[in-house]
Amino acid sequence: MTHRQVFSPLRLTARALSVGRGETVLGRDIALGVASGGGLLLRGANGAGKSTLLLTLAGLLAPLEGDVLIEGLDEDFGPARHYCGHRNAVRPRLTVGETLDFWAAINGASGLSTAEALEKVGIARLGGVDAGYLSAGQQRRLALARLLVSARPVWLLDEPTAALDAEGHRLLAALLRDHLASGGLAVIATHDDIVVDGFETFTLGVAA
Amino acid sequence: MIELGQHAQFIIWAYVGVFAGLLALVSWTLLDARRTQRRLEALGDPRRDGKS
Amino acid sequence: MSGFLAVLRRELRLALRGGGEVLTLLLFFVIVGAIVPFAVGPDKALLARIAPGIVWIAAFLSMLLGLDRLFRPDGEDGTLSLYRLADLPLVAVVAAKVIAHWLTAALPLIVASPFLALLLAMDGETLLRTIVSLLLGTPALAAFGGIGAAVTVATRRGGLIAPILIAPLCVPVLIFGVGAISPLGGPDQASAAMLFLAALSLMALALSPFAAALAIDWGED
Amino acid sequence: MSIETSPKQSWWNRLAHPGQFVIWTRPFILPLAILTAVLLALGVWFAFFNSPADYQMGDTVRIMYVHVPTAWLSQFVYATMAVSALGTLVWRHPMADVSMKAAAPLGAAFTAMALFTGALWGRPTWGTFWEWDGRMTSTLVMLFIYLGIVALWRAFDDQLRAARVVAIFTLVGAVNIPIIKFSVDWWSTLHQPSSVFRADGPTMPGSILTPLFIMFFAFTFLFATLQLLAMHTEVKRRRVMTLERRAARGEAA
């Protein structure tokens, strides 16, 4: 097993959180908490605000009311959250290896090396290929590999299994087990069922 | 009208232009206000005239 | 620092690789300069007098043209959100992008300006002054361009608005840029203009990354 | 948005709430409008019937009575926008966004009028409608900045997000305006050494100052009235947008 950096125990909590974009409130008085080693599956119909809640938890969207806290994080750890949205943030003209090296340089190369990360997501042989030639599933794996090159405890994934094949699902489950085992936590908005123990479910109704 | 000298036309045009502009500005502001107010009433604003 | 260089390398790689527009911007610069004689006639004396102005207008327009690729592609494929979560502060990312924009949009123009000077019957001494004034002035255009691109990245059709937004802000750069070249006001005026130009570029480069980073943060929020 | 009925709502945050702002400031509109109308009428009467021709400019000084107020307003409106921009960025004051958005078109209109009257004043004085004189040119650049800001407002769908981004650009503009003025003045003295006749010097005799002051206050009050009206409309427009979006999502308001 490659050496994994173990994160200090921490907890992601949201208190009396209401999320939304501009004037429209999508979710009201949301309270949730995820501890180290745990995970949360966000369920809800389309438009129920899953993605907006995830963006708010990631700090990319300001909460309308209430707040999002990460307790137990030592200050000099730097940004602790990884966000992986619908868009893969992959530029066709850059090769797979260059993309991962870039993210390692930007987010700190505190995780696996590029080669190891590509190995983990099963696209090791595509290192030198331009990302434009990758299929949607392979680009999704590249986006997941980005989470591995810099180790951060909190993963916030929006439909990670989109475009992934059966093999991809197994790989993702393995990644999540690894991540939770090393003390990380994850919040995933998805319709598929992620067969990883330690995951609770949180259903988002239409704005209560 | 008093004698405006040989440049009378420019003085007149200046005032006509400015007051036409002001008129347009005022009427546009009033029109916009009334139009928005009517749309607000059409939507059945639950909070009477903007007081929440 | 390594993150800063990584963004710089990535931007340069993207600009120089196949789809990059370094060549198209360069062509646009030369074409704008070359079509002026068709419009105002081939009279060399006239051309020589207005040559510095033409070179600056061509540089100004082609840098405006290259603005849209500064933040919009990152905004569309989600990279911009990830920059906001990166270890590297957004201000550093924006600064690296502005410098990369200058390297890929302004430097090639300066290298190509002798060719344009030839077309516009510009004598050697003026050409030298033009190159120096372009070197001093284009960083300010890149910096203001950064603000224009950042402010319009969150809009749907921002691409058209950025140039008209920052054109008024670039008026001083144009004035001092051309003022530094043509000896209209005599040598001391020209050197004063050169100093103003340098001051303007320094101020713009220092301030614009902060304003642009704020605009991106709150535009995406 | 329910009001938190805290016992003591200080004057400042009571004004902060859009609905409250509309109620508080509505009684001011009518008196302001009447005052403006009176001042305008008085100003025009003074301008035409009760002031002598200037010994140098002759009768064209009467154009000054409209040119100076509009030119002053083009600066003053931008100052209000810059202060509102600070209000938006620093204190997140919701009414600051509204006042910034309401002021932009007004500023553009007054700047256009300043250019129009300046051109008409220039024709008898300089012989041409447009002269690349320092002040006129910087007013022209101001007009482009205003129009750019109006275009930027319209480019955004979500007006709340737009407010802070436009606020940043307004402040960047505010920082650059003195630089633009300086460079344009430097440029105009470079190309035309003859200094232009400075009309609004302090040496104006009393009889010319009175219409100028009256018109000055008339135009400033006019801007205040239109600004208040436009802010009320903007508050209502945001209400309409929220209701329409909520109706579109098929929810009870």
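Order of writing sets the chain letters: A, B, C and D. Residues in each chain are counted from 1.
The working rule: a contact is a pair of C-beta atoms (placed from the backbone, for glycine too) under 8 Å apart; a residue touches a chain by one contact, two chains touch by 3 or more.
Computed from a prediction, not measured in an experiment: that's the story for all the values here.
Visitor: Considering A-D alongside B-D, which chain pair is linked by more C-beta pairs in contact?
Guide: B-D
Visitor: Centre to centre, by mean C-alpha position, how many angstrom separate chain B and chain D?
Guide: So the centroids are 14 Å from each other.
Visitor: Suppose each chain is reduced to the average of its Cα coordinates; what separation in Å results between chain B and chain C?
Guide: Distance between chain centres, rounded to whole Å: 41 Å.
Visitor: State, to the nearest whole Å, the distance from the C-alpha centre of chain A to the C-alpha centre of chain D.
Guide: Each chain reduced to its C-alpha mean, chain A and chain D end up 48 Å apart.
Visitor: How many angstrom lie between the CA centroids of chain C and chain D, rounded to a whole number?
Guide: Chain C and chain D have C-alpha centres separated by 31 Å.
Visitor: Got the chain A residues that touch at least 2 other chains?
Guide: None at all.
Visitor: At least two partner chains per residue is the criterion; list those residues in chain D.
Guide: 161
Visitor: Among the residues of chain B, which ones contact at least 2 other chains?
Guide: Not one residue of chain B touches more than one other chain, so the list is empty.
Visitor: Can you identify all of the chain pairs that touch?
Guide: Inter-chain contacts occur between A-C, A-D, B-D, C-D.
Visitor: Hey, which residues of chain B end up touching chain D in the complex?
Guide: Residues 1-2, 4-5, 7-8, 10-11, 13-15, 17-18, 21-22, 25-26, 29-30, 32-33, 36-37, 39-40, 43-47, 49-52.
Visitor: Provide the residue numbers of chain A that touch chain D in the complex, in ascending order.
Guide: That would be residues 21-24, 47, 206-207 of chain A.
Visitor: Taking the touch rule as given, give the residues of chain D at its contact with chain A in the complex, in rising order.
Guide: Touch residues, chain D against chain A: 158-161, 238, 241-242, 245-246, 249, 251.
Visitor: Could you pull out which chain D residues touch chain B in their complex?
Guide: 1-3, 17-20, 22-23, 44, 47-49, 53, 58-60, 62-63, 66-67, 70, 106, 109, 112-113, 116-117, 120-121, 123-124, 222, 226, 229-230, 232-233, 235-237, 239-240, 243-244, 247, 253
Visitor: List the residues on chain A that touch chain C in their complex, please.
Guide: My answer: residues 58-62, 78-79, 81-83, 85-91, 93-94, 98, 101-103, 105-108, 150.
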